[in-house]
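Shared between the two complexes below is chain A, which has chain B as its partner in the first and chain C in the second.
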Partner chain A sequence: MTVAAGVGYALIGLGPALSIFVSVISKKPFLVLTVLSSTMFWLVSLILLSAAWRALLPIKSTAFWPYAVLILTSVVFQEGIRFVFWKLYKKLEEILDLFADRTSKRRLFLTDKLQIALAGGLGHGVAHAVFFCLSLLTPAFGRATYFVERCSHMPFSLISAINSLGFFMIHTSSMVIAFNGYAQKKKSDQIFVPVIHVIASIMTLINLAPGGCVIGIPLLCLSAAGTLLYCWMLCLHKTSLLTPLYSGLPVTVSFEISSRARLKLP
Partner chain B sequence: MDRALVLFIVAIQLVVGSLCNVAGDNSTLESVPDLEKAMYFNAHGYPCVRLLNLSGEIGCSNPGQEKIVAPIFRQVNIDKLVVPSFAVLTPLEELENLLLRVSSDSKLAQKIAGVLVEATGLENRSLGFSPDEKFPQAEFAPYQNLSFEWNPRGSGIMWKRYNFPIFLLSNESTKVLQEMATQNEKNYKAYPSNVAEFDLVMQTTKSENHDSASCLKEQSCLPLGGYSVWSALPPIYAGEPPKSILLVMASMDSGSFFRDISFGADSSLSGLIALLAAVDAISHVSNLNELKKQLIFGVFTGEAWGYLGSKRFLLELDLGADSLKGLNSAMIEQVFEIGSVGKALNQGVTTFFTHSGQDTSSTNEILDALQKASESLGSDNVNIKKADATNPGVPPSSLMSFLRKNSSISGVVLEDFDTSFVNKFYHSHLDNNANINATSIAAAAIIVARALYVIASDAPLNLIVLNSIKVNVSLVDELVGCLLTCDPGLSCGIVNHFISPSSVCPNHYVRVFVDTPSETQRPQFADDTSRFVWNFLADRTSAPKKNSSPCKGECSSPSDVCVGAETESSRCVTSTTRYVPSYSTRLKFEANSWKILPANASDPSGLADPVWTESYWNTIGLKAYKVQSSTYDNFVLLAGISITAATYIATLVGKTYLLKALKHD
Partner chain C sequence: MDQTLIPSSSSLSSPILETLGEEILRILYPVSFCMLLVVLLVSALSSPVTSSISFSSIASLAYSESSSDSFWSKLSGAFLNSLLFVVSITLLTFLLVLLFYFRCTPCLKSYMAFSSFIVLFFLGGETSLLLLSRFALPLDAFSFLLLLLNFSVIGILSISLAKVPILLTQGYLVVIGVFVAYWFTLLPEWTTWSLLISMALYDLAAVLLPVGPLRLLVEMAISRDEEIPALVYEARPVDPPPCFRRRLWRERRDSFSISDVSHRPVNPPQETRVEIRVQESGEGSARPELETPLMLSQNARRQEAMEGVEGIGLGISGAIKLGLGDFIFYSVLVGRAALYDFMTVYACYLAIVAGLGLTLLLLSFYRKALPALPVSIALGVLFYLLTRELLEAFVLQCSINLLMF
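Entry: the complex of A and B
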C-alpha cells in the first residue's frame, strides 16, 4: 500500500482530531492540558477494561453473543466513569471559579465550558483512535494490502480508519452532550449519550457477518453524523438561536448567560 | 424523539439477533505481527543460483540489486497478457519449453520477471526431465566423437544464463500461488493483484563480475570444491613393500538445476552406496594382508563440475602431496569405477554393463573377475555384459580423467545402461530414491565385492571364501534412507554413529570450497557426506584393535585416525583413510585469494576446465502478497487530506457562527 496510503489512512482516522486541535484547542493552553489529561484518563480506562477481560480472550466461540457481552460491559464501564470524569471536571470548575473570584477575573463562560467539554471529548476520541486504530496502521505503510475474508470489498486498513473516524466523532460529540446533560440535569441528554454509544458499538457486530461491513460501516457513519447533528443543535440551542425544543429552558439559559454577563461588568 | 429511538433500538436488535449463525473464522489475528504474517506469504522455494566460469555465467539471478516484484500468472495464459512484466507459474513439464522460448525470444525474455516451478512433479514419470546436456561434460572425453547422445533426454537448460530468478516451489507454496494466479486471471488488468517478490540478488551482479577470473579477484565468488576421501584396505604400513594397486572409485556429488535439492540417487550416489556396502562385505574376510593386490577405495566429489575430484587426485598424486602419502602412482595398475547402478533391475533380472578403455590383459582380468563373481551368485540372476562395441568409449565418468591422463590405463566402469542412460532424470531434482531400486544397488555391491576379491587374491581362488562374501542388505537399505531421502535423511542411526550432521536433508551439490586448501586431515568445512564417508571407510578398513580409547581428533600413534570424533563414541583405529581437497586444477590459493593459473598447452584437460565458481549472496527469499494500484493509494491520501481540511473548515465556520450568535445576546 505504500507510504501514501499509510498517511492517507492515518489522516482519515486522526485528521479531524488534528483539525479540531489546531483550530479550537491549540489557542488555549488550558484546553491543551484538558485534552492531554482526558486522553490519559480514557486510555487508562481502556487498559483497565482489557486487563479485566484478558483472561477470557481470545473468544473462540463462533456465536456473536460473547462479543455482545464484551461490548456491553465495556460500554457500561465507560459510561460509568464518564460520570466520574464529569465529577472531576465539576471539582475543577469550582476551583477555577474560586480562583477567578479571588483574582477578580471573569468566571467561566458558556463558550469556555463548551470548549472544555469538547476538549474532553477530543481526548476520549483520540484515546479510542490510538487504542484501536494506530497500531493497525503500521502494516498499511508497507507494500502489501489485506482484505478480510468477511469483507472483501474494502481493504482492512480502510475499514479500520473509517471505524476510528466514526467513533471519534461520536465520542467528541457525546462529551459535549453529556456535560450539558449532567449540568442541566436534563434526562434526555443523559440518556442519549449511553444509548448512542451502545447502539454504535453493538452495530459493529454486523461486521462479523460475511459481507456485513457493507451495512455496518454506513450505519456507523450515520450514527456518527446523527450524534454530531445533535451536538450542533445543542450548541446552537444554548446560544439561543433556535426555537426551544423543551419548554422552560430558554428562560433558564438566557438567565444564565445574562447573569454571567452582568458579573462581567465592573 | 424518545419513541423513535426505542423503535430504532428494537429494529437493530432484531437484525443482530437474526445473525445468530455467524460463520467462524479459521484463524483469528491476535496481534499486529499476526496481521503482518497474514499479509505476506513467505513461500518456500528452492532457487537456481548464479554460477560463473572462465567465459561467462550460467544460472539465475535478480537482474539488479533490488527485489523484483511482479504479478503472478500461469504459464498457459502468458500469451494473452498485456502487462509489461509478470512472474510465470509453470508446471515442471513446461519448464524446458518455456526456458528454450526465452532463450530464443528476447521480447518474451524482457517481459518475464521471474519463474516459479510447481512442485507437483511430473504427471507422467516416463517423460523424464534432465536439465543437463545430451553429452554431459563432453569436453573431458578421451575420444573424438563428442556428439554421441549418452543422455538423450537432456535439454541443456541448466547451462544457460537467465537474467531473472527461478524458484522450485514446495507443495504448500504451490497450492497458495496457484490460487493467487487464478485470482489474478479472473481480471487481467484490475487491482488488487497478487504479486510475487523475488530476492535472488547475487553479489557478482552487484559488483558487475561476469566471469570467474574477475569475480575471484574481487572476491565476490568462491570456487566450487570439497573434500574427496581415499582409504586403503588393508591399511598401508610404512616400510612394507608396495603392492600393485587396484583403485576402486565412486563419486559422491551430483548436479541439479535447483542447487538445494540434488539427491543424485542413480547418478551417482547409487555407486557410492554400492562401494560402501562392498567395503563392508570385504572387510569381514580374514587375512586381507595376504591379498596380492592393494585395494584402494576413492570417493571423489566435484565430478559433476569438471571432474574436480578425480583431476585434483591425479595432480596431487603426481606432486607427491602429503594427503596421498603411501600411494605410489606408478603402482596403480587397474582402475575400477562404480557408476550408476541403481536402475539395473528390469522385470526380475539385474543386468550391469561394463564400459572399458583399452583392451588390455589387466582390463580383461577385471572383466573376468566380474563374470566369476556373477557365476558364484548362482541362480540369483545378476548378469554382467560388455557394453556395445559401437559406443565411442566410456560414458561420462571419473574414469575419463584417468584415461585423459594415460590412455593405456586399464580401467572399467560398471553402469546400469548400455548405449545411453536409462536414468531419465539425470542431474535433476527428481533423481531421488523413487528413481532407484535398492535391490539393484545391493546386487552391484555383492558383484563388486566378490570381483575385487577375485582380482586381489592369489591363484588358486579360494571359492569358500568367495562364497562367504555377502552384502548386508539392511545396510544398503539404511544407506539409501540416509543419503537419498529427507526422512530419515542424515538423522539416521548409522550417520549419527559417525558424525553430527549439520542438516537432515542430504544435498549432494558440491558447494563452494570455503577453506584455504591445506594438507590438514581435519578440515573444518568438509560437508556431511564427505565426513560420513571418511568415518565409514576408516571404520570398515581398520585393523581390528583390542583396546581403543576415546579421542577428540588426534591419536597417539601416527598410523591411527580418530573415528567418530564429533560424537560420544569416538575411538582411535589403525586405518589409512585420508581427505584430499577437491578443486579445479587451474586454481591456486595464494596470498589470501584464489588465482587462476595460465593454461598449459601440454595439459589439454586443464584447457577444457571451465573453473566453476558460485557467487556470494546475502539472503534468498520468495514472498507473495496483494497490492493495490498506485492510483488507489493516491486516492486514499487525497481522501484523508480532504477529510482533515473539511473538518478544519467546518470547525472554523461553526466557531464563528456560535460566537456571532453569542455576541447578539
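Entry: the complex of A and C
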C-alpha cells in the first residue's frame, strides 16, 4: 500500500522505540552500545529457539495446542535467559565501577542503572519488534495489501504492528522491573515479569480463533499499558526516595551543589 | 562520595556513562549510514530487469554464474573467481609495499586521487543514471555531466587536501564506499559470498603472518614514523582539544600531504592516550581488482599532558580511523543480504556491529595490528545462514498466525 503506508506501519510498531532512543538513549553513547548488545543477545535467543523448533515446523495442524506449546517453551526459555542477561549486567556494572574509580569519575548512580536497564529492555523490545513485524513489512511497501483470514477486519501489517507495539512496551518495562527485582531481591517484581510475559503471550493465542483478534489485540494493549504503569510507579517510587522531585537531573544537581560547597570550588 | 580533589579537566560529578564509548559510536554511525545507503540503493534498484546488467570484472573472470548451474559447479566457479581476485589483490598490495619502500609517495597520492575520481565519476555516474531511470526523474545530459564533474572534482579535493571541513571529507569517503559496495553487490551470489570469505581470510593472513604485505606496510610506517597515504575514514577526536592538541591534530592531518617530514613527536615514556588506527592502502577504482583490504593497527602515541587513560577499549580516546575497505565489505555483505530479505539485513547488521565491537576489544587486549574484516565477516555470514535457514521459518510461523511473544 505504497511507501507511506509501509512507513506508517513501521512507525506504529517502532515509533515509541524511536522516540525513547532519540530522547534518552542517544544522549549517552554507552546506552546506545547497550541497546545494540541487548538486541544482539535477544536475537541469539530467538535463533536458538528457532533452531530447537526447526524440525517441527511448519505446524500443519489447525488445533491451538501446538502453538501453545511453542509459545510457552519460547517464553520460559526467554525468561531463563533474562537471568543470564542480569548476570552479565552485574559483571558489566563491576567493570564500569572499577573504570570509574580509575579515571576519577563518579560511579553509577541509581538513575544510571535505571537507564541501563531501560536500554536493555529497549534492545529486547526492538529485537522482537524488528524480527516479528518490521522484517515482514516489505510487501506493505508495494501497491497492494494483505489480509489474514482469521482477522479480516484490518490489514495484516496493521495487526502485526499493533502486536509488536504491545510487546515492545511489555519487554521494555519488564526489563526495568526485572533488574530492580533482582537487585533488591524483591519477590513481587521477580514474579511479575515472567507472569506478565506468559499471560500476554497466551493472550495472543486468542488470535488463532476466527475473529479472535477483536478480543486479543485490545487485551494485549491493556496488559502492555498495565506493565508500563507498574514500571512507571516503580521508577517514581525509587527515585522519589532520594529527592522530593522526580528522577534524573535533581539528583545530579544536589550532589554537585553539595560537593562544590564542600570543596569550596567556584 | 569521592572527596579528593580532581584535576581541573574532569569535574566531580561527570558521570562515567556520559562519555564512555563515544569513540566507538563515532565510527559506528558512519558505518551504519554507509550500510543503510547501500541497502536502500539495492532495494530501490534491484528488479528482475536490472539483474541483466552483467558486471564483468576481474571478480567474475574465471566463471560467470548462471542460476541453472549445479551446486558444485557454482561452488567451484565461485571459488575460482575469488581465488583470482585475492591473488590480484595480493600482487597489487605487494606493489604498494614496494612503492612505499622506495618512498614514492607522489605515485601513491596521485593513484589515490585517480582512483577516487574513477569511482565518483564513473561508478557514481552510472548509479545516478540507474536511479534517474528508476524514479523517472527529468534531467538533461549536459546538466548531469556538469554536476557529476563538479561532484567528482570536489570529492578528489576533499580527500587529498588537508584544510577541508572534516564533514565533507567524511561524507565523500562514505559516498565512495557506497558506490563501490553497490557495484560489488551486482556480482553473482555465490561469487559474492566466496569473495567476502576469501577477503576475510586474506586480511587475516596479510596482517598476522610475518610475510604478509599489510604487516610489512605497517612495520615500515611505524619504523619510519610516517603515515601511510591511504583512503582512511577518520572520526573526529572526542574531547574538544586545547590549543596544544588542536595544533598537533592539524599538523598530523597536514602530514598526509607532506610525507617526508613527520610531525609526530617521539613516543613519550609515560602512558598516554593511544590512537587506534585502521588503515587501508590503495583504494579501489572502477575495477574492483584494485581493491586492497585493510588492517586494524595501533600506532604510536600522541604526546599528551593529560592523565593516562588505559583499560578497556572503550576508554581509549583519540580519533579512531577505519579504512575504507572495511566500509565497503561490510556494506557488500549487508547489501547482498538485502537481496534476499530484510530479516537477513537486520541480523547481518547486528552481527557486523558485534564483530566490530569485538575487534576493538581484542585490539585493546593485544595491542598490535589486527585485521578488522575476519570477525565481522565471519559473524555476518554465520548469522545470514542461521537467519535464512532457521529464524525465518520460525518467525513466519508465529507472525502469520498473529502470535507473538
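Note that the second predicted complex is superposed on the first by the 240 of 266 C-alpha atoms of A that agree within 3 Å, B and C clash if a C-alpha of one lies under 4 Å from a C-alpha of the other, contacts with A are read in each partner's own complex, and residues count from 1 in each chain.
Keep in mind that, in the parts below, a contact is a pair of C-beta atoms (placed from the backbone, for glycine too) under 8 Å apart; a residue touches a chain by one contact, two chains touch by 3 or more.
All values derive from a computational prediction rather than experimental measurement.
Engineer: Clash or fit: what happens to chain B and chain C when chain A is overlaid?
Structural biologist: Result for chain B and chain C: fit.
Engineer: In the overlaid three-chain picture, which partner chain does A:Ser188 touch, first (chain B) or second (chain C), both, or neither?
Structural biologist: The answer is first: A:Ser188 touches chain B but not chain C.
Engineer: For A:Ser135, using the defined touch cut-off, is the partner it touches chain B, chain C, both, or neither? Pick first, second, both or neither.
Structural biologist: Both partners.
Engineer: Once the structures are superposed on A, label A:Leu46 by its partner contacts, choosing first (chain B), second (chain C), both or neither.
Structural biologist: second
Engineer: Please work out whether A:Ser164 is in contact with chain B alone, chain C alone, both, or neither, and reply first, second, both or neither.
Structural biologist: Second partner only.
Engineer: Is A:Arg150 contacted by the first partner chain B, the second partner chain C, both or neither?
Structural biologist: Touch partners of A:Arg150: chain B and chain C.
Engineer: For A:Leu208 in the superposed arrangement: first (chain B), second (chain C), both or neither?
Structural biologist: The answer is both, since A:Leu208 touches chain B and chain C.
Engineer: How many Å separate the nearest C-alpha atoms of chain B and chain C in the overlaid structures?
Structural biologist: Closest C-alpha pair between chain B and chain C: 5 Å.
Engineer: Using the superposition described at the top, list the residues of chain A that contact chain B and also contact chain C.
Structural biologist: 58, 135-136, 138, 150, 205, 208
Engineer: If you look only at chain C, which of its residues touch chain A in the complex?
Structural biologist: Per the touch definition, chain C meets chain A at residues 1-7, 10, 12-22, 24-25, 28, 307, 309, 311-312, 314-315, 341-343, 346-347, 350-351, 353-354, 357, 383, 386-387, 389-391, 393-405.
Engineer: In their complex, what parts of chain A are in touch with chain C?
Structural biologist: Contact set of chain A toward chain C: 28-33, 36-37, 39-40, 43, 46-47, 49-51, 53-54, 57-59, 67, 70-71, 74-75, 78, 95-96, 99-100, 102-109, 112, 115-116, 128, 130-138, 148, 150-151, 159-160, 163-164, 167, 197, 200-201, 204-205, 207-208, 213, 216, 252, 255-256, 259-260, 262-263, 265.
Engineer: Spell out the residues on chain A that touch chain B in their complex, using ranges where they run on.
Structural biologist: Per the stated touch rule, the residues are 1-2, 4-5, 7-12, 15-16, 18-20, 22-24, 58, 61-64, 68, 110-111, 114, 135-136, 138-139, 142-147, 149-150, 155-156, 158, 165, 188, 192, 195, 199, 202-203, 205-206, 208-210, 212, 232, 235-236, 239-241, 254, 257-258, 261.
Engineer: Note which residues of chain B are touching chain A in the complex, please.
Structural biologist: Contacts found on chain B: 1-2, 5, 8-9, 12-13, 15-16, 19-20, 22-25, 28, 30, 32, 35-36, 38-40, 69, 192, 197, 625-628, 630, 632-641, 643-645, 647-648, 651-652, 654-655, 658-659, 661-662, 665.
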